[in-house]
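Both complexes below contain chain A, partnered by chain B and then by chain C.
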Partner chain A sequence: MNSSVDALRATFGTAIGRALEVCGDTIVYVDRARAPEILKWLKETPGEEYNYLVDVTAVEYRDPERALEVVYFLRSLHRRADLRLKIELPRDQELVVDSVVPVWQGANWLEREVYDMFGITFRGHPDLRRILMWETYAEGYPLRKDFPLRGRFSRAEQVRQALAANPEAHYSMEELSIAEAFDGLPEDMKERLRRGERGKLPYSE
Partner chain B sequence: MKHVLETREVSGQSPNYLLAKFQDLVDWAVNASRANSLWPMPFGTACCAIEFMATAASRFDFARFGMERQAFSPRQADVLICAGRLPFKLAPVIRRIYDQMPQPKWVISMGACASTGGIFDNYAMVQGIDTIVPVDVYVPGCPPRPEGLLYGVLLLHKKIKGESLFDTVRRREEESLDERGLRLPPEQIDELSEPFGNSIHQFRSA
Partner chain C sequence: MSKRTVEFEVATPGLGAQGQPQRVPLGVAGDPAVTDAPDAAGEHMLINLGPQHPATHGVLRLVVELDGETVIRVIPHIGYLHSGFEKLGEYRHYNQIIPLTDRTDYLSPMANNVGFALAAEQLMGIEITPRCTVLRVIACEMSRIISHMVWLGTTSIDLGAFTPFLWAFQERERIYNLQEMWTGARLTTSVTRVGGMMADVPDEFVDGLRHFTDTFPKTLYEIDRVLTKNAVWVGRTQGVGVMTAEEAVNYSFSGPMLRASGVPYDVRKDRPYLGYETYDFDVVVGEHGDVYDRYLVRLEECHQSNRILRQALDRLPAGPVNVDDPRVILPPKSRAMSDMEAMIYHFKQVMEGVKAPVGEAYAGIENPKGELGNYLVSDGTAKPVRWRIRPPSFINLAALSKMAEGRLLSDLIAINASVDIVMGEVDR
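Let's look at the complex of A and B:
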């Protein structure tokens, strides 16, 4: 068992749930409300220093009663230690967790992927948009168990929506301006981006 | 030669005889030039593209069939080779590339996934690129060996040599998307995308 577990229990007490060891990896369940604080502590405390966020992912079990889980894979590069944290999201509540982008910048796209595939919202994420499916994708969240393998729409409708997409409008104005490329664009492209040619995003107001 | 014989039958000494002969000569020259200098536009999305590269490289070398120059711009290409699976996200891209290619143009669908969706009968994958662009030659295989692709190219040569500048039936015309933004009627797309073979067992609840 990873020694960080005892340190976590000593510091956060009841916010730390059960811990188990699977195939040599330590898994710790933590409380959803205090998760950002715990993750920040794990990164910044001397002796812990999990400075590398390997992956953020989520799990949905076939058991319809069982909660969804968000999983954080942490690694301390110089201590060569791994730790896995899980947050349980009960199904009767909203699927929301706090974003860890302020702690690890690298979580940005990882959390977008979890949002895209599972529909879990990350509170405080700077740019929570779909990352793998196109942004106007309206069929739901593909890795959820209630999602049919072939999608919800007919094949003809899927082809129609795909062909209606503009292949040149996959960058938001924000992305382009962050890249300092927006001002250098031709006028007609700026105009198209202003008009929002990507269409209406289905999960935004 | 066919319409030469027809004109003869109708009127013995047809005044169209020389014209028909001339048309055949022009068709032969144009088609031989087109077929023997195809410039491929590779659209490689998956493992088929590896076999495509092998086909282009020295051992199989499709330059032997006049495909010396690969066009990495659709503006200077004759034949679009879709090598690999096509996700819905890339569907508008391949359509745009096809639209940008100048006439005359042909499409080879290389491999099971490009032709039918293959094993990827799921929410993200186009079930056959013929729902997006017209296809001239389908090359089966997962992935096809380079010999398979070369055979497909030779079949395309044969097809091109059967075209005629003067015969609207045998001439390829540009097809644009209809008012719904589809290439085929929706029923036909649904029918083409029907599950078959192993994939009918993929339903989780079954």
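Let's look at the complex of A and C:
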């Protein structure tokens, strides 16, 4: 077992949940509320120095009762050590965790992808927009288990939506404001832009 | 006839300390036509680069905010090639996922096959045979060479050098011929299986690859000769897109991008898999973290891959390629047709798939683009609950705007090329 687990327990006490060793990797469950603090501590404390964020992803199990998990893969490049941190997100609560972009810039797109695919919100993320799906994508979150493999809408409906799409929708409102294309926008988009709101999904929430 | 000396007035108004003519910004010379023009400062232009553009290396779309020719901001739009591989993987048996891995980073399909197979084997606790290990090393290093050759070729075209493209693609064809010899496919190889390989190499493969390793360095030296000291190449790449070591680590760079910034991290050395620790090769590390160093790192990595290939060919042991476990490896067709027990195993594997124990596994391998991670979570069934690809070029691309901001638009092309993206993997 990775020695960092004991150090974590000594420092954060009850915020550290169970730790297990699976296929040669150490997995530690941490408390959602204190996760940013713990991750920052792991990065900056001498002797730990997990300075490299390998990956951020999420897991949803087939068991509908089981909580979703956000997984952080940490690595110390010079100590050659790896640690996997998990945060459990119970289904009856809001799917929100704190963003680690202030600690690792590399988390920016990774968190956007988790948001895009699982609908988990990262609080404090500088630019939390959909990344692989387009901004106005309305079918939900593709990697969730309740999302059917072939998508929610029929082929005909997808084609209809694609043909009906406003070409302006291919630019974010921020981008349109650069090009002074504001005047040509549809009224509802203009209104959203005035309110400082960007690219909200019509079917989300 | 006497010689005459004619003194020309220098066209530019001054010379620098080295005697080089200094550039003067337009409009400063006091030309009334220029000075009276409305002040364009602060007026930014939005241009849309891609998704169909030869210099974006696939269906990448960049919305670029420009002040004159200076890049203020780059907003990448990706997802045009999103195929939902990770979702598809949740509905397939482990061996059925392998064809999907070909199609992620389609410039190094064999290495992706190996990466996935390693993760699945780690999850199931399978130990592969010595011959299979060496064959997989050969597969990975062949992939590294073709991927770097594509990178070299396309990047040199982006920056105005056409000839290296032809040389590089010629070498790539030779590896493709070897891949075809081995797997029957040039691009979508699907060469691995959980617990072994789709097939052993044919007899003439070893000689063919040895001939390749003997003749390939000549092309590398030729490319080196036309590019490394070429004034245009150096001018377009040195000091462009610089990432310091600290920034590279903070942005989770991996592979040649990380090493060009001076961080000596190579998964093959530092988290060894497939017995890479027993091969003699050097980790290539750059110094400045610019496009030029990334080029040098990749060029030298081809030499190192060639070294590994030679060693692998020398040590290629005899013996079976597949593990001797009827639960994971299909019996030979002849036995499945004649032996009852073999037929049952065959039936169970095809119909039910190979069941993995409850748990999860992460296998990171050093792909040509960076660290390719395959993360598998299993709930004890024959299909993974979650298959996550850690896509190296997706993560490297995320720093594009950081590298390009404040540079010229033409530098953006060089920087984007230097990331070595492949959209199949970025979008998955």
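Note that in this section the second predicted complex is superposed on the first by the 161 of 205 C-alpha atoms of A that agree within 3 Å, B and C clash if a C-alpha of one lies under 4 Å from a C-alpha of the other, contacts with A are read in each partner's own complex, and residues count from 1 in each chain.
Basically, a contact is a pair of C-beta atoms (placed from the backbone, for glycine too) under 8 Å apart; a residue touches a chain by one contact, two chains touch by 3 or more.
Every value quoted in this text rests on a predicted model; they were computed, and no experiment measured them.
In the superposed model, A:41 makes contact with neither chain B nor chain C. Touching more residues of chain A than its counterpart among chain B and chain C is C.
In the overlay built on the shared chain, the residue A:133 is in contact with chain B and with chain C.
In the superposed model, A:154 lies in contact with chain B only, and not with chain C. When the shared chain is aligned, no partner comes close enough to touch A:12: not chain B, not chain C.
Contacts of A:51 after superposition: chain C is touched, whereas chain B is not reached.
In the superposition on chain A, A:29 contacts neither chain B nor chain C. Applying the stated contact rule after C-alpha superposition, one finds that A:142 touches each of chain B and chain C. Residues 133-134, 142, 147, 149 of chain A are contacted both by chain B in one complex and by chain C in the other. Residues of chain A touching chain B in their complex: 133-134, 139, 142, 147-151, 154-167.
Contact residues of chain A toward chain C in the complex are 22-25, 27, 51-55, 57, 59-63, 71, 73, 77, 80, 82, 84, 104-110, 113, 117, 131-134, 142-143, 147, 149, 171-172, 174-175, 178-179. Residues of chain B that touch chain A in their complex: 88-89, 91-93, 95-96, 121-124, 126-127, 131-132, 177, 180-182, 186-187, 189-190, 192-193, 195, 202-204. Chain C makes touch with chain A in their complex at residues 44-46, 63, 65, 75, 78-79, 82, 84, 86-88, 91, 122-123, 125, 247, 249-253, 263, 265, 270-271, 359-362, 364, 371, 373, 375, 377, 379, 385-386, 388, 390, 394-395, 397-399, 402, 427-428.
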